[in-house]
Structures are given as C-alpha cells and as structure tokens.
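Just below sit the structures, each encoded as structure tokens.
The two complexes that follow have chain A in common; it is paired with chain B in the first and with chain C in the second.
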Partner chain A sequence: MRDWRFTLAEQRATWLALGVFLAMFVLYVANHPAGFTPNVVQTAANKGVLLALVAMAQTFVVVTAGIDLSVGMVFILANCLASHLVVGSAATGMAGMLVVLGAGTLCGVLNGAIVIFGRLQPIVTTIATGAVFFGIALWLRPFPGSAPEFSAELADALTGKVLGVVPASLVVLAAVVLLVWVPFRRSVLGRAAYAAGSSEMAAYMSGMPIRRAKLLAYALSGLLAAMGGVFLTFFTYSGEASLANGNTYTLYSIAAVVLGGVSLFGGRGSAVGAIFGALAFRAIGDLMFVFDVDPLWQPLFQGLVLVLAVSVGAARLFQVRNKLELFG
Partner chain B sequence: MTDSAIKSPERAGWRQRIDLPVVTAFGCIVLLLLLGSLYSPNFVSPTYLIQQLKVGAFLGVIATGMMLVILLGQIDLSLPWTVTAGAMMASALTAYGPLGEALAIPFGVLCGIAIGLVNGIGVAYLRIPSMIVTLAVNAVVQGLMVAYTGGFAPVDSASAAMRFLGAGSSFGLPHAVIAWAVVGIGAIFLLGRTTFGRAVYAIGNKEAAAYLSGIPTRLVVLAAFALCSGIAAFGGVLLAGYGGKAAQSMGDAYLLPAIAAVVLGGTSILGGRGSYLGTVAGVILITLLQSILSVMQIAEFGRQIIYGAIIIGMMLLYGRGSAARG
Partner chain C sequence: MPNAADRPARGAISRKTSMNDQHPLFRMEGISKRYGGVRALERADLTVEAGRVHAILGENGAGKSTLIKVMAGVVAPDEGRMLLDGREVKFADPAAANAAGIACIFQELSLIPDLTVADNILAAEPPTRFGMIDRKAQRRLAEQALARAGAEDIHPLMPVKELPLSRRQLVEIAKALVRDPRLLILDEATSALTAGDVAKVFAVLRRLKAEGIALLYISHRMQEIAELADDCTVFRNGRKIATYRAGSKTDDEVVEMMIGREYRHVFPPKPATPPADAVPVLEARHLSWAPRLNDVSFSVRAGEVVGLGGLDGQGQRELLLALFGVLRGTRGEVLVDGKPARITAPQAAKAPAIGMALIPEDRKTEGLMLPMSVRDNLSLSALSMVSNLGIIDQAAERRAVDEMIKLLAIRTAGTRVPAGSLSGGNQQKLVIAKWLMREPRIILLNDPTRGIDVGTKQEIYQLLRRLADSGAAIVLYSTDYDELIGCCDKVLVLYDGTVSRVLEGPEITERALVGSALNLAEADTGQRAVEAT
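This part shows the complex of A and B:
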C-alpha cells in the first residue's frame, strides 16, 4: 500500500468524525437565528472545548486499553480547586492554574499507579478513586461559590476572542494538541502506550516500557481533565461539586471518544478524532436546541444517541473472526 | 479452581472451607461493634442493631443483584436509575385503581427486568463491555424517567403494600429485613444448588471454557443481568415504601456502597469467586460504617472518600489480576 493511502486508512475514523461534526455544525449554524457570527461560534466553541478536553483525557487512557471513569470527577475537583486558587491578577491566577493542573496530574498518577502496580482493573479502580476525588471536591466546595477576588481578568482573556474573531478557547485547544498530544504520539512512550493497548503481552515481550508508558498516559489524562475543570471555572467564575455534572462528563467523554473513532479495546484512534467526536456530540445537543425539542425529552435523545454510538463502536460482535473469540 | 472446588465440600477439611475474606469481614463487624460500644452502650442494644439491619436491608437487596453480575466478571452501572425506575413505575401504577395498586410491586420489578434485558442483550449478544452498555442504559433510563415525570406528573407516593413491605414491621422484625432474607436465601439457593449458579461461577472463571463445556453462556449472562436489574428495582420499590414516595436520583446513593459491599465480602471483581455470606457481611459492615460516620458527624465528603479507599484497599487485598508476564 502506498504511504498516503496507509495514512488515510489509519486516520479514516478521525476524518469521519470531522465530517459528522461539520455536517452537524453547518446544520446548527444554518438554523440558528443569529446565523454564522463570531459570537455564535464562540459560544459553541466554549461549550465544545470543555468536553473536548475531557474527551482527550479519556483518549489517553483508552488507547492503553483501559478506561477512566474518574475523568469527570477530576474535572469537578479541578473546578472546585480552581475556584479557590485562581485569584488576584492574571499572573497570580496563572500560578494558581498551574497548581490546579499539577493536582490533576497527581490524580492521574494515582489512578495509573493503582492500575499498573496494584494490578487492579481500571474500571473499578477509577470508580473508587472518582469517589475519593469527588469527596475532596465536596470538601473544598460544600456549596457552589468562588473566591471573592477571583481572577476574572485571566478567565476573560482565555475564554474571549483573539483578534475579535477566533475564540480563544479554540486556540488553547489547538495549543494543547500541539504541545501535549503530538509529542506524546511521536515519543517512544506514546508508541509503547499504543502497543500496550493493542497487545500488552506482545509489547512486554518486545521489551517496550509499558509500565512507564501507561503511567504517563494516566498522568496526562489527569492533566487534561484538570484543564477542562479550569476552563469550566473560567466560564462560570465559580466552583460547584456537582455529582451529576461529573458523571455526565465521564459518560459524554466515552461517547465522544467512541464517536471520534477511538477503539475502546485499545491501541487505535487519536485524540484529534476524540476532539471532533466531542464537538459533534455537543452539536447534537445544540441541534435539539435550535430545532426546539422539548427540554424534557432532551436527556432521552442524548442518551439514545449515546447508546447507538456506543453499541456500534464497542460491539465486539462485529469484529470477531470465529465464534470462540466471542467468549475470550 | 482451588482444591476445595474439586473435592466435594463435605469431605474438604475445615481449613479449606473457611473463607478468609468472609471471616475478615465478620471480624471487622465485631471490632466495629466493640469500638462502638466503648463510645456508647446503646451501640450494642437490640433496638439499635435491628434498626441498622433495617437500614442495611435496602442495600442488601440491591447488592444481591450486583453480586450476581460481578460474579460473572461484569458490572452493572445502570443500578442507580434502575432502582429509581423501579420505585417510580411502581408508584405510578398505584394511580390506576385497585388493580393498579395490586400490581404495583410486580410492575416495578418487571420494569427493572426490562432494563436488565437491554443490558444483557448488549453484554451477552452484542458483546459490548458491560460498564459501557450499562452506563449508557443508565443515561437512557434517566432520560425516560425525566421525560415521564416531567411530562405526565405521575403519582409518586408509595402504595399501601409498598409501605407495608418497606416501613412496616411485625413482632419487632422489620418487613424489609424479612424481604432481604427471602432474597438472600433465594440467592444462596440459586448460586449453590442450581445449574444456573454453577454456570455463573464457571463463566466468571473463563467464559470460553464454559461455552466449550456446553453451557449456554449467553443466555446465562442475559438472565443474570435481567435478575440483577429486577432485584435492584425491587430494592427501589422497598425504598419507596420506606420513604413513602419515589424521588428522582434516589438510587444514586446506592451504586458505590453496593459495589463496596460485594467487594468487601471477598467477591472477586474479576468474577468467578465469592460467596453470598461475604456479601451479607459486606452489607452489614458498610451499614455500620455509615452509621458510625453519621454519629461522628462526618459529612458526605468523608463518606465518599472512605468508600473509595475501602474499595481500593479491599481489591488490593483480594482482587488483583495476574502480572502480564504469564
């Protein structure tokens, strides 16, 4: 197979996710009363970026054939922590933000250490650590609120528009892709994470540093989930330890990852696909808004889309070669 | 498989019959009671213990279903809204005259079974990882319930029969505890004395091997999921009876404790290993712990952290997978 055809085949799912997103978004903008204006794009971008960051976080773990059910809780924890720490001028706010990101990374490292060195299943581990993270968030913010001297300056700078047109949050998202995802994907550890996801035994036998690779993947997952939480704080100017919100983001991150063509069985897919998956999933929600679907029915529709996406993306029934493999 | 499974249980020595996690769990219960009695003598009074059993009965019923699924090596994350749906649908039917009232409890359980069938088809036939299907189904059931309660404003107060089961008591023994005992004895019988139970353990150990030995594994998995959700919905019916009405998100508080109770009782999260007695011990342990935490006035955040820590700690003790160097 020629080189470009191989690349295209490898990235087919990402392109598909991009296509779905563009179709949804065009439909959305065409039916929006305000039309295609920077403000409409900014609002859509700000909502989409939150989920995109959490979906990227999920991607890191999913490519290693794990799953992180605590991403939503790290997201909420970072939100609550940021509402305390992002204070004062832009500079001190930035310092607070770095502390929050560090805390998020630490949550990821904790997950990774338990899964890798404790040899526990990622699902139950992250459910349990998620409860711990949520407990800490609740401790930090028993009631929704924020620090009195919250750094609105920094928040506005990162959620506004660059040059009056491009949403700043999209710029940040692109920077994250370039500074975190691309180096990871191209590094030895990133490659090892993919290898561990497609066959841990084979990767181990080939002498790949799978433990370090998986630990890095979990750590980066924590980092990006925390970044999402920081952004939530920037939008709302406050922190809220909401269990429902955390669960929703965890669930939607899985949906976004599946829509973005990342295999839940590990070893295949990219965070860029997950971003488009997230944007597409958000666009579905927005479409219901412009088409005036009764808000009461919206959770049901969103749930049904989720079930459909997940069933098609994750059913092993369509991937096995013989019947015995089905029961493996 | 261990030696004890190969020999018949009657001939196995007492050393093999003793289940370390179960003994540990019961030991912890005794320890908690002793510590509690130092704190306040009321802690070991019969009224307090019966009260704890009653509170624990709801968790006990719900954890029974969860245990079935965990024994298969799967998990049911749709439990919160299955519990809620069971409670809501049962309450809603009471609006339809005496017949509706009579059928309320079976209808609630039936709704649970329907949810479980969807889960089971996804897991057993479509082969979607169980946590993903059940997480998605949870969202759908939530959507359905939100649309239903918001759009139709159904009756949400429990029927007389539900109150009788959930809140009533005779001869000092709460009916909820009796209901748990019935469900529990059913589970012990099912797991220990039927081919279905054997199949559940076999699938939990290795599904491919179970399939090759002629067990209809997909049907068993489907049935286990249906049963799990049916029991969870029954738990919801009891809860609605206890509280007098069904409310949204009433099931949210039961997912983590249910998993914690099952895991605490020594059931392996990887499936194939565990006894119902252990789950009983786990449920009592969690209930006592909850009660002590509320007596010590530790808020919700402390409980969440403690659940998480307990689940991880117990899994590190009993549920570790094998290293990837086989």
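This part shows the complex of A and C:
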C-alpha cells in the first residue's frame, strides 16, 4: 500500500514545522542555564501557547483563502473583557470566561458575515472590524488593570502544571486541537472550507455548502483568538488595551501560519502546523535570550528565519511554464 | 446528512419511470437567457429520454454552454420552464439539480485541486459517522465509483492537482456517477482524453445507457457523436434549429444547419496578395510547447493578415503567447525579417528591433489598467517613445495620445477619465491604440472583437486592413468565422495543437472552416453520411 506516502506528503509541512521547532527548542534548552526543567518548559509553553492560539485562529481563515487582520484585536478585546468578567470563585470565573469566548466568536461571525454576504475582501473587512474591536477594548480598559475580585484561582489552575510536570497551558492547547480542530478538519463543513480556499468556483459547482463553511471558519477564528486573549489575562492578571501588542500578534500569527506550512493561497495546511510554526517562532526569540544577544536584534533574526521559510515555498515558481500564471 | 452508502441507487427508479413512458425523463420548454444585451438562448426546447444518448451540436457561441448551465442549476433562465417526469422543476443552485438526479460534467473542470481524489468524488455528500466524514466509507465509495468510470488505477488518496488532465476527466466522471444520476450531462468530456481513454469512457457510457440513464452529450467531435448518439439537436445563435435521429442526416447537412444563413459584416476589400518571394516579417518553424502546441510552422509577410481558426482551445492562444515570449520551454524557431529572434519575454518582443504587439484576450485584466486614466493607459507601454534620457516630454506625450484617440475615433470624455468608464468597444480600441503608440510591425490579436458591438467591430476591421496596407504583419485569432473569412488573406486551422489545414484566398469559406475545425477529412465533408451505431 502506498497510502502512507500520500498522508506523509499531505503532512510534510507540519512535520517540517515540528522539526524546525524541535531544533530551536533543543538548542534553547541545551544552552539555558537551568537546563531541561519543568519550570523552563512551563515558561516557554506559556509564551508559546498565546501565539499558538492566535495562529490557529488565523489558520481557519487562511485555509478559506482569506486573511484575518483582526485576530490580534479580538485577542486584545478578549483580554480586556476577561479582566472584567473572570471574577470570583473558579466556577464564576469559568462562567465569565465562557461569556468572553462567546463574544470572541461573535466578532468572528461578524467578520464572516461581512465577507460572505457583503462580498467585501477579507483584508479590508478585518482591518476595519479590527479597529472597532480595539476601540471597544480601549473603552473597556482605558488604563491597564483588572477587577479587584479577579479569579486568580482559575488563572493559576490553567497556567500552572498538571501533576507537577506538564504545563497546563499545553494540555489546554492539546484539548483545543482535539475538540475544535480535528472535528472541523473531518467535518463536511471543514472540507468545504478547504475546498472554497482551493477553488471556490469548483466548490460551488460541486454543490458544497461554501457559505456556511466560511462562516464557521470565521467564527472559530474569533473563538480561538478570544481564547488566546483569555490566557493572556490569566498570565498577567490584568487587561490592557495595547495597540502595539494587538498588531504584533496579528503579524506574528501570519508569520507562524507561513512557517507552519499553511498556504496563504488557501486550501492547504493544518492548524497543527501553525501551532508548531508559532512555537518555533517564539523559540527563535528565546534563543536570542540564552545566547545573550541584544534584544534589539530579535526582529532581525525572526525576519531572516521567516524569509528563509517563505523562500522554500517559492521554489515551485521555477516550474511555471506559462508566465501569466505567475500573476494569476 | 444522509449516509451515501445507505442510499438506494437511483438507477432502479429511473428504469421504472422509463417503463411507464408517459412523460419523457426531462423536457425544457421555451427557455431563454440573456447576458446583458447578448441573447445566449432564445426560446429553446429540448426533450431528453431515459436510456438514450442525446447529442448537442453547434458552433462556438451557439448557446450549448448556457443550455447545460440552465439544466445544471448554474444559471437561472429568464423565461421558460423545465419538466422532470412531467413535473415542473426549478433549480436554485447546482446542489438542487444534483438532488433531482441531474449531474453535469463541465468543460471547465469542477474538481478542487488541493483535495484528494476521494474527497473530490464525494465532495457534495460525503458519508458521515457521528457528524464527521467517514474516511473509510468514503474511500470505499470512491473506489467503487472509480471502477465504474473505468479508472481503477487512480489512487483515491492522490491530490487531484497531481493528476494529468486526462485522468482528472475520469475522476470528474466518477464524481458524477457517485450521485447515481438519472440524467448525466457531458460537456466536451472527451476533449482532453487520449484515444484509449475515450474508448474506456464510451464503454462506461454505453453501460450507463443500458441501465436506463439519459445522457446528454456535447462534443465537437463528429465521429464520436456518430458512434455514440441516438438523437441529435443542432443549436445556432441560441436557437434550436432541429432535432433528428442520429444517422438520418449527412455530415454536410449537419454542417449546413450549424452555419445557417445569417447577417454578415461588411469588410474592407482585400488587396492582391503580396509576391510569394517577399521575405516574411514573421516566421515560425516547428514551434512546440508540449502538450498544447505541436510543430506549428507558418509565415506572415508584410501587408498580410493571417488568421488562426479552429475550435476554441486548440492551441491558438498558446501560439500567440509563445510568439510573444510568455511561455517557458518552447521548442522550435521564430524568425523576424528572416533572422532568428530569441524572444524570451514581452519586453523583448516589444523592443524596436522586433516591434511585436499582442492585443490580449481579456482586455479588463491583461490589456488595461481600468482605474487608471486613458492617457496613462495609452502612454505606459510607449513611454520610451516620448521621453528623453528618462524624462517624459509631457507635451509630446499629450500630442501622441490625442493623435491616437483621433486616429481610432475613441469616444471618451477626455484623456484624464479612467479607462474603466469607457464602453467595451472603446476599451478594446484603447488596447489596440496602446500598442499602436509603439508603431509595431508585427501585430498579434487574440479574439479582439469578442463581446463588442457591431459598429466598433467594423471600425476594427477597417483599422486592421489599414495597418496591413501600411506594411504591418498581422496574426488574428478569432472565434468568429465571418471575421476570418472577411479579414484574412490566409487562415491556419488549428486542431489539438497542430495546423490541421491552411486555407488561402478563395478557399476561406465557412464550410471549409467548420469542416476542418471539426477535423473532418476534406473529401468526407461532401459525401459521407453519419452512420448509425
């Protein structure tokens, strides 16, 4: 049977991203003064999971051949909202968290509705809605801070360690993959989302539910970006309407998606790849730290790695025989 | 979501309906469809019966594509009604037509390139378990469908984009079969297939016919129709001309029906052909670009208009692109003024030593920058002609632009308005004007009058002849046979990437063009009757 070869070919980009991440991470841990300890792993995981969640959010939209420039702002909005609503005991905090996730999903649905029914380009739509989301965040939290009765109990439970070893945030991330991504990938709507990204006309001709699929993709994008925002609140115990932070996460999510082998043309790639892309991207930043490089160099190095990753994808251009296809 | 594996086969139902025989399986009455001002279909009637192969014939633009798009639920008709088993049906989208048992294999493929073969075959209604796609069941169903389509050798997990075109076509057929259609529409389904594959597909189609499925078969290949069809209907200019039993008319009669007698354009007179010993301005020798172009040789002398004819998509577009340096990996030789020329990019083609211009097929994307002004569009490709040492001489630019607008009588509110504000015909004149600014000696045109009004067409014909008279060498690809007859001194008819026939002077007639486009042997067009199978 040659089946495994096709499966491997489909997942090649994901494995590649995993490889890059492992290489970076091993290099990082090997040179870390404390070595491979649960604490080092936990710190790295907590930072990585934030970007991983936002990168997953970006993946949902990118597979439909769109792009979501509002993920960073949904992330920030959820952060500010959670700093108000995640209060009291673990149970009430959980209820507040669900409200925040619902709000994030709503943001995604709004994006999707405008793109699908208003027929506006995703890039324009999400720049505009992103500004609106940030405006609301600023209104919610003009100054950084949190509600006095913030549920630190819940925050600590979800950012600590399970059984004293495994970072809880990684467990949550794995659960999200299993409960959100895998069902999406295997559902009829998930496949329709990929099909719409690959060739929307062919998908329409095949009678696939394109609109519902895209709406779902945008909604899940909002949900996951909000989940990232909630985790940010858990780490910092506060909400901050930081424009710089929102923009950074939006841009890094695109970088992570590209590193993770998700095609910006749509139809190809996996959120699992995007997660490894995000972790690898974070690990590069951490490497700077252990090698004692001036933090000012960090963007330069991250940029170089990104350029390299993108160049690998561009190699196919050498095979194009009709030059008009270069512009198509 | 119903489980496709558990659905009863619709074949059983259709056999039952065909037995009680009160209504034909499918009937359309008085269907019309307009696109803007163009009438694509006008009060068309068609009856398709179960267990028979019904062939649709017609020239380019006869309305065949629109007809099947209406049947498949892709476009809604403006008027008329469709009956399935005698009951009126309306299709909101392709999914609705599928649900009613009409499956269509489109000319432009409906496969999704990044998905696997199995994913594609069961794209519309995959088998599900617990709300998720059941991949094992899907794979089994896909394998069955592939076997039914005679393509057992295609691996169901292969991504479709890695399959060659002919294999993809078989996947398309498998995809249609998995829906257990009662009426299967095949639009040029064999045009990309090799002879061996065609034989396989025909065996499958005959089996489906025996199962009681109705087949609507659209093809330009007369031999295939003779071999397969039971009934034939001829369309022309959006109207149904006639329906007849296959074999009851000769090839000649059929071609006559496809051409008809229609309004003809007024063309400027053709001058006497230039002396045969004149050095050709442009010459191609054994030009190939596998697999779309195969060993094409021809030459164009100064003052000559050479036409490219044949059915749409036989390599004409590729030939023009190859000459213009857009295609990589072409083989053969191109000579300009008798000297070998290496044209590797459009920039090289437009250099003064070569002086080539290509008026592209799609003026909106390849010809003009619609939001930019008329003046910018006109002068952009000719800036070097109106500038000194890289500085644009604005006065010279304005003069050149005004002159060109006057020469081509482009109707525009001014030179600063966006090109997109002009009418279609004037946009097309703008594209031509843009290239004339460079005073080209070799002008390639890709169907320049498609979709523009008759008046502007007339002006373009006059202009082409004027350009030729002033010494330009012109290559004109047109899907309009009248145009080839009226404008060209010589026509190369392309078929499957090769020049199947060269028509010169008085030989250029509609009958010869249609006959050679269909690749009927010359002697055959007159006598051979379509034999029934």
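Operating definition for what follows: the second predicted complex is superposed on the first by the 307 of 328 C-alpha atoms of A that agree within 3 Å, B and C clash if a C-alpha of one lies under 4 Å from a C-alpha of the other, contacts with A are read in each partner's own complex, and residues count from 1 in each chain.
We adopt the following convention: a residue touches a chain if its C-beta (ideal position, glycine included) is under 8 Å from a C-beta of that chain, and two chains touch if they have at least 3 such contacts.
It should be emphasised that the depicted structure is a prediction, and the values quoted were computed from it without experimental measurement.
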Legend entry - Which superposed partner A:A30 touches (first chain B, second chain C, both, neither): neither
Legend entry - Which superposed partner A:F6 touches (first chain B, second chain C, both, neither): second
Inset, instruction - Report the partner of chain A that touches more of its residues: chain B or chain C. - result: B
Inset, instruction - Applying the touch criterion given at the start, work out whether A:R268 contacts chain B, chain C, both or neither, answering first, second, both or neither. - result: second
Inset, instruction - Check the residue A:P299 against both partner chains and state whether it touches chain B (first), chain C (second), both, or neither. - result: first
Inset, instruction - Determine, under the contact definition given at the top, whether A:Y204 touches first (chain B), second (chain C), both, or neither. - result: both
Inset, instruction - With the two complexes superposed on chain A, say which partner A:A91 touches: chain B (first), chain C (second), both, or neither. - result: neither
Legend entry - Residues on chain A lying within both footprints (that of chain B and that of chain C): 204, 320, 324
Inset, instruction - Provide the residue numbers of chain C that touch chain A in the complex, in ascending order. - result: 1, 74, 93-95, 98, 106, 109-116, 119-120, 123-124, 126, 128, 131-133, 135, 155, 157-159, 175, 289, 321, 326-329, 345, 366
Inset, instruction - Would you mind writing out the residues of chain A in touch with chain C in their complex? - result: 2-3, 6-7, 9-10, 183, 186-188, 191, 194-195, 197-199, 202-208, 267-268, 320-324
Legend entry - chain B residues within the chain A interface of the complex: 75, 122, 125-129, 131-133, 135-144, 146-147, 150-151, 207-208, 210-212, 217, 249, 252, 256, 259, 263, 269-270, 299-309, 311-312, 315-316, 319-326
Legend entry - Touching residues (chain side chain A, partner chain B) in the complex: 67, 69, 114, 118-121, 123-125, 127-132, 134-139, 142, 200-201, 204, 210, 243-244, 251, 254-255, 264, 294, 296-304, 306-307, 310-311, 314-317, 320, 324, 326-328
